[in-house]
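Data block below; observations after.
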Amino acid sequence: MKASSLIGLIIGCVGIALGATMEGSQVMAVLNPSAMLIVLVGTLGATITGTSFESIKAIPSLFKKAFSPDVPDLNKRVTELVGYAEQARRDGLLALDEQLGGIEDPYTRKGLQLVVDGTDPDLVADVLEAENDAMRKRHSAATQPFEKAGGYAPTMGIIGTVFGLVHVLSNLSKPETLGPSISAAFIATLLGISSANIVYLPIAARLKQLSQEELHFRAMTLEGILAIQAGDNPRVVQEKLTAYVPPALRLTEEAAAAAAKPKQEAA
Amino acid sequence: MKASSLIGLIIGCVGIALGATMEGSQVMAVLNPSAMLIVLVGTLGATITGTSFESIKAIPSLFKKAFSPDVPDLNKRVTELVGYAEQARRDGLLALDEQLGGIEDPYTRKGLQLVVDGTDPDLVADVLEAENDAMRKRHSAATQPFEKAGGYAPTMGIIGTVFGLVHVLSNLSKPETLGPSISAAFIATLLGISSANIVYLPIAARLKQLSQEELHFRAMTLEGILAIQAGDNPRVVQEKLTAYVPPALRLTEEAAAAAAKPKQEAA
Amino acid sequence: MKASSLIGLIIGCVGIALGATMEGSQVMAVLNPSAMLIVLVGTLGATITGTSFESIKAIPSLFKKAFSPDVPDLNKRVTELVGYAEQARRDGLLALDEQLGGIEDPYTRKGLQLVVDGTDPDLVADVLEAENDAMRKRHSAATQPFEKAGGYAPTMGIIGTVFGLVHVLSNLSKPETLGPSISAAFIATLLGISSANIVYLPIAARLKQLSQEELHFRAMTLEGILAIQAGDNPRVVQEKLTAYVPPALRLTEEAAAAAAKPKQEAA
Amino acid sequence: MKASSLIGLIIGCVGIALGATMEGSQVMAVLNPSAMLIVLVGTLGATITGTSFESIKAIPSLFKKAFSPDVPDLNKRVTELVGYAEQARRDGLLALDEQLGGIEDPYTRKGLQLVVDGTDPDLVADVLEAENDAMRKRHSAATQPFEKAGGYAPTMGIIGTVFGLVHVLSNLSKPETLGPSISAAFIATLLGISSANIVYLPIAARLKQLSQEELHFRAMTLEGILAIQAGDNPRVVQEKLTAYVPPALRLTEEAAAAAAKPKQEAA
Amino acid sequence: MKASSLIGLIIGCVGIALGATMEGSQVMAVLNPSAMLIVLVGTLGATITGTSFESIKAIPSLFKKAFSPDVPDLNKRVTELVGYAEQARRDGLLALDEQLGGIEDPYTRKGLQLVVDGTDPDLVADVLEAENDAMRKRHSAATQPFEKAGGYAPTMGIIGTVFGLVHVLSNLSKPETLGPSISAAFIATLLGISSANIVYLPIAARLKQLSQEELHFRAMTLEGILAIQAGDNPRVVQEKLTAYVPPALRLTEEAAAAAAKPKQEAA
């Protein structure tokens, strides 16, 4: 399901809130303004210092991506590429030119455009791999703020708590306020650890996973494009690309044939 | 023994439960509902956020795999592949065609099918290595939820405990409940650290180890298939593949010959 | 924005200071001379021991670099290199000789100089990659002091605090000074964690990120120079180099053409 | 000295026991049955879960290996290989056949056997590198239980201590037993940290170091075998192999000549 | 400056000692015999277990190396190698033979000896790279004891402290000694953390940095030797090698020419 990250976030928050309430805690005490200033703003500051405004500005769109990602459909792409391989074998590589306009995925389109233009195969591989490499670097830079925030937040929580304890200990004149003051000091720790482990780190892990899936998807596409250019037998193309599909998702041969048909006819 | 992970899990639990009981603790106190909500549901939520529902759904089958894995029999596979090498040398590669139906392992079958089809050796290696690479990625993705849970669980335990302490410290009016309250707060820590170190992390380590064994098994198979295609002398095939078998498990030459015989005759 | 690191640093400090003040703490208590001696001088000493005076001397210029970095303009470089590719195609590689004086970036100039001199392409790639490799090592050595300081500072803080506690505990004769003394001991921890997480580690992360951007920039430049030497079609050069530009920053074809025009005319 | 690990273990234990006794502690208190159950059996269980019975069964022989390792004699191997190179140059590769029976090291024997059989040089390198690779994987799997135990033991200690504290805090009715009870609870921590840092982790480090030495030894042997097969000048073989010997251990030329003589005469 | 590590060590110690004295602590209390036995001897034992006596015996010479390293002079080596390149171009490679005796650096001498002997370029690269690789492994093994000690020392400190606390808590009969006893227990922690962070870890970092500098120096030398053998134009050799010199240290062309002159004349 696409919204798994959002649902996971809700499950985590509800589980902790419910458990804490059952213990008798007032969960809303976490929303302590001074703790939030130290932990959230401190983490934000440290994260900006270590990355850049551009990275910070991209955060909302990354949240959206994590909460509602495009799921790559490996089987559909295999069918599509095998279809092009068949057409190229039948009518020549140039025949793919008319298909180009109808290809949604810019990566596939760019690759086939290069193939149709008669570019050298090594050069096609170079250009497409440079695209993948650049995407990998971009994705890795994009998860940085979440990973860094996941590292800074707990320490900011400890800074908040130690500040609180220092304050409490230097004013021992009113022993009756000792407990509540120490209690308040620990709110910062709570906020720091919770935000890191419920939000920042899981989102970073999710983005990393999505990036790997997309790179796997592109690696398969690249393999297919190069096979089409090499004039491989469509059955070999199918064999090669199926290796990228997890066994559990692989279509039976009949299903694959059925899926391929409309494509071929349309071509 | 196949069930080592299950037995290890039982040994670990029994050891800790017995030791704690000897100290005078009531082990069942760990099954505190609020602590379980915070630690188990919190960990589940963070793990779902960071991976996906698919990964979570695969967990029961992964537990089963860890508790009762298929142990790859390296010697049997060597004998099998050397048998094919002998037949291919004697009767040509095409003679392997009739054997294909009887091969249980889909990886070996796919490889030999490609060889029988007269596929180019580089292409055979490419397709089979792509399979291995995809399997490696799949396995690595499959251990993620366990590794992530092993990382989140102790922190969820600390969150639960700090929540408890914050609650205790802000209500110091009843000092006689102080001890038991703090005691209850530490149950969450106990649950978090225990679940991570007895279940999540060891299972992740076990799955990783099983994955490495399977990859090693496949690497040996791939080496054998390529040697068969290259028409290598069966003795050289034997020599090459034996390098993959740990010395302690290597058959003596006589045993190897005996093991190979029925195969050859059947062929 | 260029000054993001400085602004991040200020946001972090203000957030923590404000939050701590709201809790009632006196933020300036952090500026405790004995804590500063232990944490700041101790960290400095450990960092000098582990690196060298040269690395320490470079710190001010690295702060300046982190706070006001040169932002590489990928599109401008693409346009520039495509312009050289066009001229080289039209008038031959030697025609680039007159342009060399006007090239600001020493890396591009060195590369094109080698090309104009008729150096072997492999040698051009070797020399330029050696430059990149040496730069990568230099940058990695330059971030070391910040990373090391980020690791030593919290431990120096703990050393300071434990020293304080040891002192307090061995003189329990005056219980009324116990609180303030323990409080003072924790200032060292506060100083150690804060300096590491607000200054040292984020600056190290920022420098690492800037280094990666510069290496990416140079990789693109190298690709372009080699393509120019190989006499690639300017459109292919454009295609190759665009792969290095993040999609969000890519110029539309018209904009690219417009940007390229003055260059071409000037040429 | 071969027994350095055993002596190191004894030094570590004696140092800690002596220091603790000087402080007034009763060192034998560490041998608390409940703490041992939790820490040692808990660690054993988690380690079995994460590896396998085979790995656990190999532990005694690994202890023996760490405590009394075979020290590879690089100079002797160089002299031996240079001797074969001389003979091969003088009398041809087949002349090595009679030497094969007298070679103790199975790796060298397997390699020279392949050379004498006239196997293709690439194939010799492949087979021998597969052996090394498999050995590297075996060694890495063999150190796993020690590394894992070194990771689990301290946490098991903390589990034991928290169990103890939970028990103590929930029974505050007898304040006079409070100190001794908390004291007993900390025994588990002591046992966990000590076993990890005095036994498990150092032994794992030692095994890893021995593995690297053996791989280095084999890499040198492989280089020598390939040089013999290539018919290299014995002086070049000597030069190549000496690069693998640490300068401090290198023989002077006279010593090398003297060492080589008996060999040559025997040949 | 060469003595930076020693000066850093002194700065660190003085900073901490001064700061602690200002707090009122008696710094010399750290030299507690029982704490020293546990921490220093325990760390020594664990380090010997995990490495070997040879590694331990090398420690004094490594301290000397860290405190007074040979600083590689990149520019001088460039000038030297360019000089050989010029002579080789003018008078042939054999003319270098008479220079060999005067070369101080054994690595350069070995390389040029191989070149003069007419060894195959690939073989020269192989032998010299094997030297570098072996040196890298030796250096990495040499820093092991310091890194390991830096890891064990803080845990030994905790072991000492927990031993002390266990002792204190099990003897609560004399409450007036409670403070000083706990205070004494923490000395072990102090000693463990301080020794790791002021001595072991910084020295390990320094040795690693020196190793990288030496490897960089050798990589440059190797590049130069291969260029001389290939008969490269001295200007190209200069260009290639300058890439290894940090821009800040690069000589202007005049200075380079001036530096090269005496060499050429001598040649």
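Just so it is clear, A, B, C, D and E label the chains in written order, and each chain counts residues from 1 on its own.
The rule is simple: contacts are C-beta pairs under 8 Å (C-beta built on N, C-alpha and C of every residue); 3 or more make two chains touch, one makes a residue touch a chain.
Remember, it's a predicted structure, so these values are computed and weren't measured experimentally.
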Reaching subunit D from subunit C through chains that touch each other, fewest steps: 2
Numbering shared by both copies at the subunit D-subunit B contact, with half separating same from different: different
C-alpha-based rotation, subunit A on subunit D, 0 to 180 degrees, nearest 5: 145
Centroid distance [mean C-alpha coordinates] between subunit C and subunit A, Å: 25
Whole-Å gap separating subunit B and subunit E, where each centre is the average of the chain's CA atoms: 41
For subunit B, residues contacting two or more additional chains: 184
Order in which chains appear around the ring, subunit D first, subunit E after it: D, E, C, A, B
For the subunit C and subunit E complex, residues of the former touching the latter: 33-42, 44-53, 114, 119, 123, 126-128, 130-131, 134, 137-138, 141, 144, 148, 152, 155-156, 158-160, 162-172, 184-185, 188
Touch list for subunit E against partner subunit C, complex: 1, 4-5, 7-16, 18-20, 22-26, 29, 178-180, 182-184, 186-187, 189-190, 193-194, 196-199, 201-206, 209, 212, 216, 223, 236, 239-240, 243-246
